[in-house]
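Below, chain A partners chain B and then partners chain C, in two separate complexes.
Up next, the complex of A and B:
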């Protein structure tokens, strides 16, 4: 392995890491918002909307991100909807992640004993107050491991962004190999950068998970 | 909690270290192979990751890497068969070697990889000869001329790279000579990179970039086949050649291939190839410009 090559390529990988993180986090926040709204709709059994959310979940959980990105980036412009590559990345990640987040939150909501809802309602709280002050804090605390798994899953999914011309870590490595054929150095940097991005999240996740356990109540 | 954190950290570092060690291991053994390949062509070829001429003949099948989406050079036709200028040559090579052909679909960026890892015996995928690539693979004699070209929509034809605005993006395909040329000579031009021809084409049609830079053969074909596009820059950079490539050090196959190409050249095989595969796209005007009959 050639150390000079590693030093020379380092800045390119750094840029790619920042791009991956930027799009990744925006997508994850979008996924989180979609997850909260979607799971609330399912929780309250809202008519019609509940069906739509169901279809959305099945659609996005049963198609690969690659296909979703292809559709948003290459097919939508044909009907006049032009979207930049970055927006497309955030949208694709957010919509895919949203479908998973809804399921994660929903299982969290379902895990909170019914007696809690009944007690809150009998104390005169509204539906929203019950959800916001009683059920949701417990449900999120139960969902934390699932949410973190989703976050890491979504950040790893960014590796298909090359399809829509985003210079993420994977594409940077492939591109450099294609141009200069320094395969070993490029792949080594690729592995190191993914670990640098994901290991801290795993570690912080483990800590947060332990802290959040205190939020659980009743059993 | 603390204990666990330390544990996670150490195991993470351990994994990184192991990977580093194994990768460096690969690196040094690669080097040993390539330095030894001159003397040990007969003995150590499987270790170097390629098959000799005799091994290919013995197995009865040759693996040839071609494009599957670059019409009219290497593509899959409406019957699901590989066709095109490169494939026409591949068919002839298989016939003269007396073996079956296993076509392996490649993308621009993985052509060198496929040879180095022995996934294919020959690359016949419009592979432009460059100095950097010649350090990684062995090129046989050239069979086609090529330069770079830039195509843009009729409404806003780019006739010189100086016409480009600061925010204009030029579409290129990752791993092509167009990418390397622009990155080296025009570092200020923003490149929008795609990893396959089909994606770059669709993105260009959708208007994601102001122009598309690629081999001029490809952009000329695109402008002929699609209404509303003009090749504003028909020739950019140096005139290059296109040649088959084999894994570095595969002397027996390279020698056979060069002899084959010279003998085909003496029969004007490549003019026949042009007339069979490229005439419909380019017409007769480009024949002498593009075709090279290999000779010693």
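Up next, the complex of A and C:
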């Protein structure tokens, strides 16, 4: 392995990492918001919306992100909706992640005992206040492992962004290999950068999880 | 003054009739104790009163306003009806103080400082003011239950429902919770209490209601007499289960 090559390519990978993180986090925030709204719709058993959310979840969980991205990037302009590759990446990741986040939040909401809801209602709280102040905080803390698993999963999924010519880590690696054929160095850097991005999240996740389990609320 | 009125209340779960035809009128300041064997419907009855259960027949009114589960203004009515649960149901992610002032500040939009001040006064009365920043899991069962009572009180309810509030507690803790409730009764609160503590029932009740199989079997204001010589055979048999010779 040529050390000079590693040093030379390093800045390119660094830029790609930042792009991946930027699009990744925007997509994850979108996924989080979709997750909250969608799980609230299911939680309240809202008549028609609930069906729509159900269809959305099945649609996005059962098609590959690659296909979703192609659809958003290449099919939408045909009906007159133009979006940039970056927006497409955020949207694709957010919609895919949203489907997973809804399910994660939903199981968290279901894990909070019903009598907690009754307790809040008996204090005169509305359904929304009960969800927002009492049930959701407990549900989220129960969902932390699932949320973190989703975050890591989504950041890894960003590797298909290269197909809509976003210069993410995967794109950079493939591009450099194609041009200079320094395959070993390029792949080595690729693995290192993915680890640099994801390992801290896994480690922080493990710590947060342990705190949630043992030191729950107080101490 | 009549505060709570229940006429021809009928409640069923599917095919199962839980409450048959319950009629009850509670005056302001009255302490009504509801007793009866397990599964007789007494807890369900309390839950109907603040709209946690839908009813299949009859009318419940509080200060003349009908209580109907699922109606929009049910939240307004629930503010008038406090409820304390057997399992405390404090919110685990909030401190004692946060638990207590959450509903007054968010539901009644009261000033946070004013609510806090009153919360601390009430906590002081039940001897828990030094625990105000603790989380529920750091408290004993009896302490949690007293916090739950303070939480219900801070909403200034017109009537408070107590659903077997000492059933999950050690005997010593039972005592501290019951003391708190007796103090409330003396201060003139209107209370409906479901309990299995017969000595406590005798001490606190203005009226005893004995429910069995979804019906009010016996109802009397002569509380002492009821515990010595109940009028119905069913109540006699029930009370015997508490006596050991």
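Basically, the second predicted complex is superposed on the first by the 211 of 219 C-alpha atoms of A that agree within 3 Å, B and C clash if a C-alpha of one lies under 4 Å from a C-alpha of the other, contacts with A are read in each partner's own complex, and residues count from 1 in each chain.
To be clear about the criterion, a contact is a pair of C-beta atoms (placed from the backbone, for glycine too) under 8 Å apart; a residue touches a chain by one contact, two chains touch by 3 or more.
Because the structure is a prediction, the values reported are computed rather than measured.
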- With everything superposed onto chain A, say whether chain B and chain C fit together or clash. fit
- Task: Have a look at where A:202 lands relative to chain B and chain C in the superposition and call it first, second, both or neither.
- Result: first
- Message: Let me test your reading of the model: by the given contact rule, A:134 touches which partner, first (chain B), second (chain C), both or neither?
- Response: second
- Message: In the superposed model, which partner reaches more residues of chain A, chain B or chain C?
- Response: B
- Vertex chain A angle, Cα centres of chain C and chain B, expressed to the nearest 10 degrees: 170
- Message: Looking at A:174 after the superposition, I want to know if it touches chain B, chain C, both of them or none. Which is it: first, second, both, neither?
- Response: first
- Touch check for A:123: first (chain B), second (chain C), both, or neither? second
- Once you lay one complex on the other using chain A, what is the shortest C-alpha distance from chain B to chain C, in Å? 21
- Check chain A for residues that touch chain B in one structure and chain C in the other, and list them. none
- Tell me, which parts of chain B touch chain A in their complex? 1, 4-5, 8-9, 12, 15-16, 19-20, 23-24, 26-27, 30, 108-110, 112-113, 116, 132-133, 135-136, 171, 174-176, 179-180, 183, 192-195, 199, 202-203, 206-208
- Message: Using the touch definition from the top, list the residues of chain A that touch chain C in their complex.
- Response: 115-116, 118-126, 129, 133-134, 137-138, 141, 216-219
- In their shared complex, chain A is touched by residues of chain C numbered 47, 50, 52, 75-76, 78-79, 81-83, 85, 87, 89, 91-95, 102-103, 106-108, 134-138, 151-152, 155
- Message: Per the contact definition, I'd like the list of chain A residues that touch chain B in the complex.
- Response: 1, 73-74, 77-78, 82, 85, 162-163, 165, 167, 171, 174-175, 177-181, 183-184, 187-188, 191-192, 195, 199, 202-203, 206-207, 210
